[in-house]
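Below, each structure is written out as structure tokens.
Okay, so subunit A shows up in both of these, paired with subunit B first and subunit C after.
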Partner chain A sequence: MADKSKPKTYQEVGYYPGCALEGTGHAYNRSTKAVAGKLGLKLKEVSNWNCCGAMEVKNIDPKIQTYLSARVLSNAAHLDKVDVVMAPCNGCYHNLKKAEYDLTYDPESRAVVDRLSTKAGHAAFEPGQAKTIHALDWIKEAIGEDGLRERTRGKLAGLKVANYYGCMYTRPRHIFPEKDQGPGSESTSEPHFMDDLLAAAGAENVDFPLKTACCGGAHTLSDSDTSTKLVLNILQAAEACGAEVIATECPTCHTGLEMHQVRAEKRFGVKTTVKIMYFTQLLGLALGIKPRKLGVQENISDAMELILEKQLQS
Partner chain B sequence: MTVIIGADTPPKPRKDIGGFDAIEARIDAIASNPGSAAEAARELVTIGEEILECWIKARGEDPVDEEREGFRLIALHRQGARGEPSFNACRETVRELAYHYNLITLDPSHPDTEKRLRLAVMVAKHLCLFVSGKMQVAGLGEFCCSSRPLRSDGQ
Partner chain C sequence: MPIHEKSLIRPENLKTHDDLKIDGVDVSGHWSTFIESRVVTDYNEQMEEEIASLPGGESIHRCWQCGSCTNSCTVNAIEPRFNPRYWIYLIRMGMEEELLRDKDIIWMCVSCNKCTYACPRDVVPEGVMKATAHWLELKGHTEKSPSMVFDEVFSEQVIERGKIEDAEVLRGFFKRTGQPLMQDWLLAIVRRVAAKLPVVWGIKMALANVFKPRTRRWRKSRAAIEEYIQEQNAHHRKALGLNGAAARAALDLRKGQRQDG
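Moving on to the complex of A and B:
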């Protein structure tokens, strides 16, 4: 039973899809919105949002990246009047959290953001005006396992899932002060929020040793073979653990797993059959949303056969 | 149509910095012929230490001989990550290797030992690939998503 005494949080949040969710991660965007609609949660897309600075800007000038992320938070706080910004992409989530941290503790970052905000003609973001959360935090807090259990009735029963968080969801630890705070909080060494949510929907999570291992995302162009081998290792480990599907919560990781799964077969002649799906797609199926509305057909990894076999289609 | 990066181009010759190809071959050999599970697990931890030593030596440091939480492997990772936060991307991989070593050696007759060893092999391989990737691009920029910026003064 749901804990009725628990105050409802995150029922309406600022939504920062970021660039990836409008491109390669479109299915993540689609499934996140579909799940929000089904759960009665409101997503208010951040007005006039910009790139978070991702890796491209950060690798050249981290202060500019801090400004770009701070501008997103400023727009959320000042234009949209929200105090929580939900970012489903690990890169965006990481960068916005880092901006919050840097603006609190680094006077140089503070000065650069103030100067550029004035120049751009908008209010400078002040830490505390809005906080960043991940899509996992959002559903975990807004609905919780009990709420999901009630709504899904174990729909994912019999589905073996390896939860893959990637390396940026928990690193570096110091920018995530809310994590590692004991029972109920997320762990940076053994993340479990995705495991908790999918288990609540009935899935059987396998014990997966590479859940935070590097997917080689940043190496895709400079050394594709190493990226492919890293992904292949993740895919094979998931299969060795008995997983039928790898659940993801980052568009970069997801795309990397899908692309290199195909490339591993072409380049190295090694075929893996484990499917790759966003955790929001799996939750959506559990909530009775049709696969098409969750963008399952947009995935490179074709999971329709598995969905039919497991009778996950409504 | 799905475009797979570089799928049809011939493999580029890759410089084997630090002898990682040989290390990878040793890991593959354990996978194909593990022998005693406990011995194989020990060998994988030793290989893990050698991988981290390569990284530390490349930074111009002497690898430590001390242990953390009963493992030199973990001490070496801490040393390798000092001043290099992006190296923490393999922190859990290192700890998973130690964890699987414990699982296998504490109860070698456990019915899951074969599976545990297979996973330990994959974890060791991941560490090898990750560190070799970082070494490969040394001087060209950073490998990792949390990389150190080219310009860090913010000017």
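Moving on to the complex of A and C:
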């Protein structure tokens, strides 16, 4: 196998779940850990972490967000001695990447973070001490498609999936220096890592044009009608493409799609039946993990119905 | 209405007369509709600099009006009046009156950053939209937007404890915007989830409200952040020519929250 000649990387990584994965995105946390356990990968949770700033703190002050994210990276590098931090949440992943970028190229951000870190009494993060990866990078690199193919034996065969990546995984392009680097790297215009992993597990990925469309997550409560319209667009497009399930990789997108699927029905009278599941839940099923261990009962859309129909339960 | 179909002449600039004589000639009827001449003299020459001084606005000067931002905009697709390219033009020209026509929708930017991705000039239109929304609030042109209220409720929790708790953010936001918590669609979601979840989960969620998630040894981080925000607020007020008393405390965090803990 091609994978075996490669030195094994990411077998143990720092793990930054973030606030969402301890709240609304609990099923993502649970399924990520379950998949890690099954694959024999070690997750070392970042010590005494804090919120990365999400999408809100930057609107109060962007440099506070940089500080918050830098503190997480600092804890990972200095307290936990890890050089890779894996963040499954797109928001966390985006903010940590942005902090790395800003601290490398913007002296002003660097000065503010240094000053605040000193005042707060912890080591300031310096770019290069740890790097941030997404859960997709982690599985793709640590196990790879061949590894997954071997372990799943086409378990998801016949399942039609629309892969939805959202905004924060690819935009803005400049904070993701490792993307768009030719074959093998992730693309910011046509991301494919989730497609690759699910295809390796046997799923049939439908041709879905709204992979990086916006679900209106930032205004999910403050401008709900706009969010409902944006989500409905995504749900209807997925159904039109023949998808039975939308695979997500972000707790904000996931919760947004699920909440506004109900809201669209209640407020606009438009019903959609496509299911919404974290990609880790789908991979977990493919690896033979029980739905309950993957938090499937926490999903708002009735994912269990699809699992039974497609006999994905082991 | 798509932008290209929009009439450049607004209804309020059209004057119709039923009975009109000019130089003794009766021009009523078919010829009685005139376009009011419009002369702009009150340019706000400080506007661009003020918005550029707020976080996110720094890159506005690089714009060369290609329109890639509006073309790629998520919000523009469902609200055609949402037009970052046009607003950047107005701000740089100093046409404040024109900008104020759209003051109630500028906050609607969802930060998807499609504009930033598309911009060939390294402008961050997303940041410019946020800076403009702040500017409108600080100058007293608009009330705090629901989005700003949400950002504040959220950020206050982060600054206070280092972490947030979803349910508390939700309750705080509905309370501060005067909305009922029991929205029909939220109830439908709660019912749907509650039917599937084991009882243990309900207990866990109740406990999260009592023992709120928090980062340990956060006190000094909190103090450092609060000091920085106050310093920045003062800096922004000065840049916008607002004196302390008259300034609307748009970026100010609630005082009550700052005292405890």
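What we mean here is this: the second predicted complex is superposed on the first by the 312 of 314 C-alpha atoms of A that agree within 3 Å, B and C clash if a C-alpha of one lies under 4 Å from a C-alpha of the other, contacts with A are read in each partner's own complex, and residues count from 1 in each chain.
Keep in mind that, in the parts below, a residue touches a chain if its C-beta (ideal position, glycine included) is under 8 Å from a C-beta of that chain, and two chains touch if they have at least 3 such contacts.
These figures come from a predicted structure and were not determined experimentally.
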{"item": "Combined model on subunit A: subunit C and subunit B, fit or clash", "value": "clash"}
{"item": "Contacts of A:N48 with subunit B and subunit C, given as first, second, both or neither", "value": "second"}
{"item": "Which of subunit B and subunit C A:A120 touches, first, second, both or neither", "value": "second"}
{"item": "Which superposed partner A:H192 touches (first subunit B, second subunit C, both, neither)", "value": "neither"}
{"item": "Touching partner for A:A237 - first (subunit B), second (subunit C), both, neither", "value": "first"}
{"item": "Which of subunit B and subunit C A:G23 touches, first, second, both or neither", "value": "second"}
{"item": "Contacts of A:D61 with subunit B and subunit C, given as first, second, both or neither", "value": "both"}
{"item": "Which of subunit B and subunit C A:Q297 touches, first, second, both or neither", "value": "second"}
{"item": "Which superposed partner A:S109 touches (first subunit B, second subunit C, both, neither)", "value": "first"}
{"item": "Partner chain in contact with A:R71 - subunit B first, subunit C second, else both or neither", "value": "second"}
{"item": "Superposition clash, subunit C against subunit B - the stretch among 38-46, 92-100 or 110-118 that is involved", "value": "110-118"}
{"item": "Set of subunit A residues, in rising order, touched by both subunit B and subunit C", "value": "55, 58-64, 112, 167, 171-172, 213-214, 216-219, 221-223, 226-227, 229-230, 259, 262-263, 266-267, 300"}
{"item": "Interfacial residue positions of subunit A with respect to subunit B in the complex", "value": "55, 58-64, 91, 94, 108-109, 112, 167-168, 171-172, 189, 209-214, 216-227, 229-230, 233-234, 236-237, 240-241, 252, 259, 262-263, 266-267, 300"}
{"item": "Sites on subunit A touched by subunit C in the complex", "value": "19-20, 22-24, 48-51, 53-64, 67-68, 71, 112, 115-116, 119-122, 167, 170-173, 188, 213-214, 216-219, 221-223, 226-227, 229-230, 258-259, 262-263, 266-267, 297-298, 300, 304"}
{"item": "Subunit A partner contacts - residues on subunit C that touch it in the complex", "value": "55-56, 74-75, 78-79, 108, 110-114, 116-117, 124, 127, 130, 145-152, 154-155, 158-159, 162-167, 170, 173-174, 177, 184-185, 188-189, 192-193, 196-198, 201, 208, 213, 215-218, 220-221, 223-225, 227-229, 232, 251, 253"}
{"item": "In the complex, subunit B residues that touch subunit A", "value": "2, 4-8, 11-12, 14, 85, 88-93, 95-96, 99-100, 115, 118-119, 122-123, 125-126, 129-130, 132-133, 136-137, 140-147, 149-152, 154-155"}
